[in-house]
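In the two assemblies presented below, chain A is common to both, partnered first by chain B and then by chain C.
Now for the complex of A and B:
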């Protein structure tokens, strides 16, 4: 069964006062994850909240994307006794999670991950967590410095693929309910919502697009697919990249992992899967030491190709959703957006 | 599928272990208990497929199945000591347990070779996955044309499946040619790398050629085959990659627009060319 069962979009509205009250109630009745300041850091991240006053409403986006709730940075696949495969125990996710404040780019990223984990072979760990989650996303009313969602078709307002979407309209939010799960949540808390109000999503999109340093995705796709990118670009990125992996760890669509068995003296033996990065040198190294993807240029090219060609071919949507996190965190000043624009321009007839 | 949940290995019991060389062992495995996915029926795996072998506490490694689907009631894995999991497997004994997931990957598409000559060129432990298909075609001998097996090992101590190589040579119109890299005491056979044997199959270039071995051996073998008139489409080889999941999720084996674990590991040379992979 698909993770999201789309329905015809149902429109409503909610006042900002009521939204606060609603989130407060949800945080007490269910498990609510929302943008909040961590205890030690000023960074805004998706954290469990137990009251609406803990939620940060004035945020651009979180530092870490919400994928970690469905595909954990380090998660147990099963526990075992080292002697017997029949001792294997799997714990399935069953607790309902309600997310508030996920941005359209991250909702799109989750949509891509859904498609990736649903295609054969299905990944129970991810899908079981997705099945018991419902997302209230908040459309962006302004474009942030590093974002470029309009170039990759993932914002600033979604047209489908969300559970519930809120669009800022001054004192109120326009509310759109787009899935069965969203409808269930809406109906459970129906009293908080009011009659539909008008928002001009198209105008928002045009406004955002005009202010964005965008690119033509189709042209980028064509350049990469036909291998017409100047090799000096890959060499330049390879020289700057320190292989720290931050851009990949914080990418809302990156899904690579490694598998590690943890055997501890106290008998808690776990097979773990943990985020891994295709920019790490050992990523493709085989037993015996041979590495078929050795030159860094090849690693880098593979990432661009994977997100901007292969995932478009396979899933019909860009593997980059334009959140811009990778640009913000790079220690080597590699700018993904700038490089995409260089790819777009490479080979252009002058 | 041997296992019912994607990432959960199924228990097998080691029925027998044969030391093939100083660092390579042949494991004969049987499923522990009889569940709904017993491997006694022929369709359970195809020549060329692999399993994720799991040694709990050490991890998993992708290993080709080297028995034939025609072998009933068990399957075999040929494992060389090269890493953590394969190292741990050297310490296992008859009666011990190993977990497996799979079978994964595509296969040698042997049905496309029906009625045609087939050559098998293997280097070192590369004979293991080819053994599966060699056993399969020799069991259905009448369905194929001439068969030739070219095998090269570093030293005579590195030769795997020596007895079976001589048994295959006894079968009608099956040629077997062996070579080791350097001359050695008490070796009367040929010396030189496996590509020096390709002249023996010059009359088979209209047939299919299955190649498996270390990257350097594959590189030169393909060059020689193309020079000898084989088409890219008729050269069939396996790609080796680091893998964690075997099911197209962990990303380690992703190249071009393919996942070696689910789209491969068997590719024709023309497919490899399209992927722009250097071999």
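Now for the complex of A and C:
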């Protein structure tokens, strides 16, 4: 079954008071995952909430993308006994989750992951979790410092691909229902919603685009594809890269993982899959020590090509959704947006 | 969905990054970076993001182990603790309190270290308490106390990004302290000038405007030369020198002979570059010096530290924002373990054991008679064990059989003991030699505090139940003390911190509740004190800063015909110290799974050793056969090895010659031979 069955968009509205009440009810009746403050350090991340008062409504975005609920940093696929092949226990993936507050860039990223994980090998671990989730996303009313979604067509407001989208309209949110799953949720809680109200999503988009130091994606695509980028750019990034992997591990569209068997301290045998990434030298090193993607410049060039050319060719959408997380986490001060602009800028200032 | 985030502090280096442990169904499932944390600011290194994996290995020690007929048998806590108490009591009665030693741990909490030194002093009755700072930054504490009056990083980590000049000597921050490396890269991006002094072309050196590639063990000659140029060209901060320091004339006299021309052959760096670097450092303010073990791990370690302090004071760079002398501490809580007095000569907060007033204060607080005699360092405890004078050791979270220089001698010392008890989370070579092994709790399994390199006291919170049957290791120390007739009664570690605060002026205002959201930097004198961002503003802790006149002395062992290379050791990005945790972390061990020696290309050619060839490195103490990494990263005539690999421990080779003041071993320079493996 496809993860998202799109429907013709149905419009409605909800007052902010009613939204609070609705989320409060959902949090009691279902598992609700929403932006919430962590303990002590008070960072905002997607966390299970058991009451609407725990939800943070005034937030930009989380540092860890919501992909972690479908494709976890570390997840057990199954446990097993090494001596008997009948003792395999597959981890239950059927917990129904409702998400609130996912940003358009991350909804777009999940759309790309959906395409990736059902491409050739159908990945049940990912897809079954996606099948029992429904996402209420919230369009952005302003761009953050590191964001550039308008250049890659993933925000600040979505035109399709969402379950339910909320757009801030002062005292109310405009509500758009865009999928079967979204419609089911909407119908279950229909009493909370009101008549459609007017918001001009197109205008919001144009306004955001004007304020963003963006780029022309087509031009970036052409220049990367025709290999017109000065190699000094890759050398500069390679020199800065400290191999922490965070720009990829926390990228909402990165989908790479490694599979390992782990024996826990109390003796259970687990087959795990864990986030992995192409900036780790061991990721592409072969037995015998040879590595086809070495030196580091090659790894870096490959990442830009993959996200800005290959995924556009394959999925018809950019592999970068403009969330800006990779800029926030870099200990080498590599700025992905600035580098894309250098790629776009015909190489003279590279 | 049973999922929570628990805020904590990274268990690896001294930068002290903050993050959340992700706990799913009661088990660790990942690390979530924190944007709000003042050090990490949303970032982490590869060790930090994978740190949760390091403590869930299948081979965690699960139950107390007692050795019978050379083999370990699992036993109950009660039996193991009774045995520890009984044996320690027996050794004390037979040989006296000073035949015992306790090693605290830079890997463990402040609360544990406080209790460990209290166990030694108040229960066993000896000041023989120390910890692994002895193998790293003890010269920093000794040297900076002599120069400034207190031995810690003078400034805060985040100030580095606003320095106009960064002078790094014997420090490879991007690999060893990645979040400090980030500040250096940021400073460089903002236009700061970078001077790196290191025998290797380290990752740090690639950001340098000047890379001074001097020989290992020639730091004093190098620093004296820079000061010679500064003074002879009149570039010193005369007003600062006059009003805030003493001993300038002696310094001037001492550095007079170290002209660039005189120094060039000693350090192996051109006189032109030495003069240029001196001018750049002296004329670019604020300038921050950072250093690590390239300075301290020498027989002249303490004097190296004082030379660094000389240079900073000469140019008026101490006591100002984004300046200073900044020793980057290598372990998560090595600052705290020093603060808590897991040291033989002081009580918590560097209060001297041989000061009668201080002794009285602690006798009153602990209600017991205390020894006024400073104890033995761990270096000397091992020497005295070989001599037959130390009979029992209680080692917490440390593996001297991998981490101390010349481990053949360390083995002899441990073999001569009547009783050895070790707290560990995994079986290490040292734990294997113990009579009793007590399973420790990792950073994810307990609540307490770590103090980072910038003196910031920060919380770690219990995220999961202690794995297997281990309990919080602070409780183990309490149990031992109580069984020996001195009840340690604390409800929790917050209670231990309250006692620490009541006796330690620099921690006077610290409590777990106060540091829940963001840590406090000591000195923090009382409950309303906001903590201290940088030290020595307007006045040094000791009053005037003191210049010391110091002469260059070569390492204890210098190359000769038989051993023509200088061998130095250090860390790589993907591993941490003796590898107990990083080698058990899948991604880290995959990034770098094997031991190696760095060889200069010209030396490789001469000896017909190619990259990845097997080769044998030998010193007067032992030999190892490892892979050669041939490149221009090391200077000709120099070899370099990491020390993370227990299967090929570099410290089989290193020299157990020690700094006479701080008693730290000379890990950074000894004479070695290199041959192609047969």
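Note that the second predicted complex is superposed on the first by the 337 of 350 C-alpha atoms of A that agree within 3 Å, B and C clash if a C-alpha of one lies under 4 Å from a C-alpha of the other, contacts with A are read in each partner's own complex, and residues count from 1 in each chain.
Just so we're on the same page, contacts are C-beta pairs under 8 Å (C-beta built on N, C-alpha and C of every residue); 3 or more make two chains touch, one makes a residue touch a chain.
Being a predicted model, the structure only gives us computed values, none of them experimental.
In the superposed pair of complexes, A:333 makes contact with chain C only, with no contact to chain B.
When the two structures are aligned on the shared chain, A:63 is found in touch with chain C, with no touch to chain B. By the touch criterion defined above, A:281 reaches chain C but does not reach chain B. In the superposed pair of complexes, A:83 makes contact with chain B only, with no contact to chain C.
Applying the stated contact rule after C-alpha superposition, one finds that A:170 touches neither chain B nor chain C. In the superposition on chain A, A:244 makes contact with chain C only, while chain B stays out of contact range. Once the two complexes are laid over each other on the shared chain, residue contacts for A:264 go to chain C alone; chain B is not touched. Contacts of A:43 after superposition: chain C is touched, whereas chain B is not reached. When the two complexes are superposed on chain A, the residues of chain A that touch both chain B and chain C are 258, 260, 263, 276. Contacts from chain A toward chain C in the complex involve residues 31, 33, 38-43, 45, 47-48, 63-64, 68, 72-75, 95, 97, 239-240, 242-246, 249-250, 258, 260, 262-267, 274, 276, 280-282, 289, 328-333. Note for the complex: chain C touches chain A at residues 1, 3-7, 18, 20, 22, 27, 29-37, 42-46, 48-49, 53, 56-60, 62, 174, 178-179, 181-182, 185-186, 189, 203, 206, 459, 461, 467-468, 516-518, 573-574, 586-587, 590-591, 612. Of all residues in chain A, those touching chain B in their complex are 77-78, 80-86, 88, 90, 116-117, 119-125, 227, 255-261, 263, 269, 271, 273, 276, 278, 283-288, 290, 292-293, 302, 305-306, 309-310, 313-314. If you check the complex, the residues on chain B that touch chain A are 5-11, 32, 54, 56-61, 82-84, 86, 97-99, 214-215, 240-242, 244-245, 247-257, 262, 276-277.
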